[in-house]
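Notes follow once the structure below has been shown.
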Amino acid sequence: MFSHEMDIRVRYGETDQMGLVYYGNYCLYYEVARVEAIRSLGITYRSLEESGILMPVVRVESKYIHGAQYDDLIRVRSTVPELPDRFITFRVEMFRDQQIIHQAKVVLCFRDAVSGKRMRTPPTIIDKLAPYYSP
Amino acid sequence: MFSHEMDIRVRYGETDQMGLVYYGNYCLYYEVARVEAIRSLGITYRSLEESGILMPVVRVESKYIHGAQYDDLIRVRSTVPELPDRFITFRVEMFRDQQIIHQAKVVLCFRDAVSGKRMRTPPTIIDKLAPYYSP
Amino acid sequence: MFSHEMDIRVRYGETDQMGLVYYGNYCLYYEVARVEAIRSLGITYRSLEESGILMPVVRVESKYIHGAQYDDLIRVRSTVPELPDRFITFRVEMFRDQQIIHQAKVVLCFRDAVSGKRMRTPPTIIDKLAPYYSP
Amino acid sequence: MFSHEMDIRVRYGETDQMGLVYYGNYCLYYEVARVEAIRSLGITYRSLEESGILMPVVRVESKYIHGAQYDDLIRVRSTVPELPDRFITFRVEMFRDQQIIHQAKVVLCFRDAVSGKRMRTPPTIIDKLAPYYSP
């Protein structure tokens, strides 16, 4: 399975008056981690968009276990549990000092920017991911 | 069942370069709709917090059907499907021109601001909601 | 002089852990107030963009007097101090219970979406604004 | 003069439908750069807050020269032009490929978290900064 880890520092502007990261702002962390996971494969999401492929999010499931706090350095692990086809799924786990604080599942599809039509996962992505799922 | 509807206008700053509302920003809409739903019961979330009760989000499930666009006036329906106990659930449906564009389920708990301990739904909320679920 | 007033309710997600609106989020309020000011003239910013005219911000000056708090209903007054030409300026004043809490000046230009070139204020806007500045 | 540089990667969620970073989101970059500048002095803003000192922003002036784009790696230089006293000023310059794209001036004050009263710059900060301004 393809998996990638990185650290994200919580910004002040991402907290709310409860003193924790606002619940909607975890989506920014999923995004950053997903983009860096893809970059580690040698593909930039920017170049995908420039070639006319959009990746809109179609589903998100988030489980808030412990709130991330300002200035925390959060370890974010993104895993693609299976070779994508019409959808690509990222499982996200966040850790603070080895303790899990958040889990999520983010499902995206692929869309042709011009026609607006859904498409299968582009071959450039499949080619990079396939070795992680070979039997 | 208790249900509440309101309109939310999409702000420019809530869109991203795909020309649609950024996926994390729907959480702002859930929040605004939930707060106004509670206000319609005669309770403000602000006063709850001032009385020492926090309502952190513990789970979110979002389904993106059609993307909301800048300046859209989105009708947001919030429904509490059952009388809350240790958790309160809001089901959210968003409509543009009568067409459903987004669905979500948001689960929150109640926490004592001083001790940090979880608590049951406060009686002030139960009292207001109970008539909607009487057999 | 053209001036417009509206109320904006502070959202939870706009606060930070200081318990006040995050300083960058006032820009959302300037935006909403500016868009509604223009709408009150019979023009939507959305239709301007659809006709190929962009209005990027080129300068902002913000003075934070008293912090806005969660659930505050803020009165926002937007004033266009002079008939625009190559730039349009909005002066923004925010009030809570008649007390001024924030001031800003936002300068925008007009840009052709296709060529990217700067342009003068479109006649549709000048025509609507001119009566407010006639000698 | 004390000066600090760092790189910030533009996130997708920070763009708007103009295809550029939303004008209010530059404040997040000022914040991150300011916090890292302070950290490079051996002080964390988090520890300042934990010791009861808040640093609210009182003034911002922003000049938008060229819009930052998704996935840009922006070099952000923060400079404290003079030894702070009742206020601390940060001058911010942003560069993309050596070209300046944004300038700002951010002024903050210091406030006692308990009493709410304004205070002078804490000695811990003065001690770290003073060597940069010695005659």
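Letters A, B, C and D mark the chains in the order given here, with residues in each chain numbered from 1 onward.
To be clear about the criterion, contacts are C-beta pairs under 8 Å (C-beta built on N, C-alpha and C of every residue); 3 or more make two chains touch, one makes a residue touch a chain.
Please read these numbers as outputs of a predicted model, since none were measured by experiment.
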item	value
Chain pair with the higher count of C-beta pairs in contact (C-D, B-C)	C-D
Most distant chain from chain A by Cα centroid	C
Between chain D and chain C, distance of the C-alpha-averaged centres to the nearest whole Å	24
Centre-of-Cα separation between chain C and chain B, whole angstrom	28
Contacts with 2+ other chains: residues of chain D	12-13, 17-18, 20, 22, 24-25, 27-28, 31, 49, 70
Chain A residues within the chain B interface of the complex	17-18, 20, 22-28, 31, 49, 54, 56-64, 67
Complex contacts: residues of chain A adjacent to chain D	9, 11-13, 27-28, 31-32, 35, 44-46, 49, 70-71
Touch list for chain D against partner chain B, complex	12-13, 15-20, 22, 24-25, 70
